[in-house]
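Here the structure comes first, spelled out in structure tokens, and everything after it is commentary.
For reference, chains read A, B, C and D in written order, and residue numbers begin at 1 within each chain.
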């Protein structure tokens, strides 16, 4: 049985604790984590505002996680995504995967990220000193999904 | 039938509300959008570029030609930018 | 300047602390960690004995880390590899990479792992209830290097 | 010249020592191996399958036809199995 851990919250998370949770069972040889942070690319970013679709978000993340678990025979999957107001440097989200071998752990984490980017109902708004703007979706993020079809 | 409609991100901002109940006979998502656009300018403007609109029916992503049969909750939003 | 952290030690490490260290600077948007653990595949594994080549090990790991940092413009790279006696479930090693974007962080971590597997001077011996055996190198590990040439 | 030779993993176990100083005129790694194999059976056995032997000269991986000019430390070991 795969251990799915899905969290959608305003709160920060402890990556060490999360990674340790993924190290389950005698047959887990490889754990990969990805953590995303708020970058102040151009300077002048006050904060990022992350909106989501309560209900659908948890559902979409669970579906994506289960899909990854089935596809790569994972022993554990963690997906955490924050919402609300996040200052530069703050953690936005993480995914973590536990598998027998490194390839499965790397590929499934990469797959989860690609799906999170354009299939999970989150929207980012950058609040800058000179105004606020919704982050535009990238064609490259949509294209990244093609490699998993 | 009555469906609850949700708007997110800049669609919510342009229309000015996050959710509303709408009485509709629309057979598809596209029909529902046409009905909304006919109501008021703010809807017409919000939906003017359909390539920038995504839709979920009862919390599942669908294409704009999807059926609304049995739908209770329809959400409109721009392309997602999570991660 | 890239922040390289190379550790070769018998001691365990704290993944949370290591991951936090990688989250440096306003321009780091993506952190990937990989952790490898001792698996008891067939049952009956007493422990793993990891031998290394003191001096060359640190040098090889530093070269590999610097290479990754240059190639993917990383802001930080961590490579930790343990040696000595490790029981099933124990952490063997980790790599961590910090970059602007997810692709660079994922690819460079995967690159580091592929190099560690067959270019860093470590040798694993499995000590089982019914005897001890050196782990054989895999052709697939050697082949994995081809994609980075 | 005198070079320090190091052995690791099963090469170390088969030869029975981890390091030794060897007086040699070998021009290449392959020449040095030939000299070692001629010494004693345990060396001959350890080096019998050269496809399973890797070498580092002064802590840098090299091919078996590499020169030993200026070499101070030569290490022999099986394919690495880190990670």
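Note that a contact is a pair of C-beta atoms (placed from the backbone, for glycine too) under 8 Å apart; a residue touches a chain by one contact, two chains touch by 3 or more.
All values reported here derive from a predicted model rather than from experimental measurement.
Shared contact partners of chain C and chain D, listed by label: none present. Here the spacing of chain A and chain D, counted between their Cα centres, is 48 Å. Centroid to centroid, with C-alpha atoms defining each point, chain B and chain D lie 72 Å apart. As a whole-number value, the distance joining the C-alpha centres of chain A and chain B reads 26 Å. Among the residues of chain C, those touching two or more other chains are numbered 36, 102, 113.
With touch defined as above, residues shared between interfaces to two or more other chains in chain D number as follows: 83. Under the contact rule defined at the top, the touching pairs of chains are A-B, A-C, C-D. Contact residues on chain C toward chain D in their complex (touch as defined above): 36, 51-53, 55-56, 59-60, 81, 92-93, 113, 116-125, 134-137, 142. In the complex of the two chains, the chain D residues touching chain C come out as 6, 8-10, 12, 56, 59, 61, 75, 77-83.
Of all residues in chain C, only 14-17, 19-20, 23, 26-41, 88-89, 91, 100, 102, 105-106, 109-110, 113 touch chain A in the complex they form.
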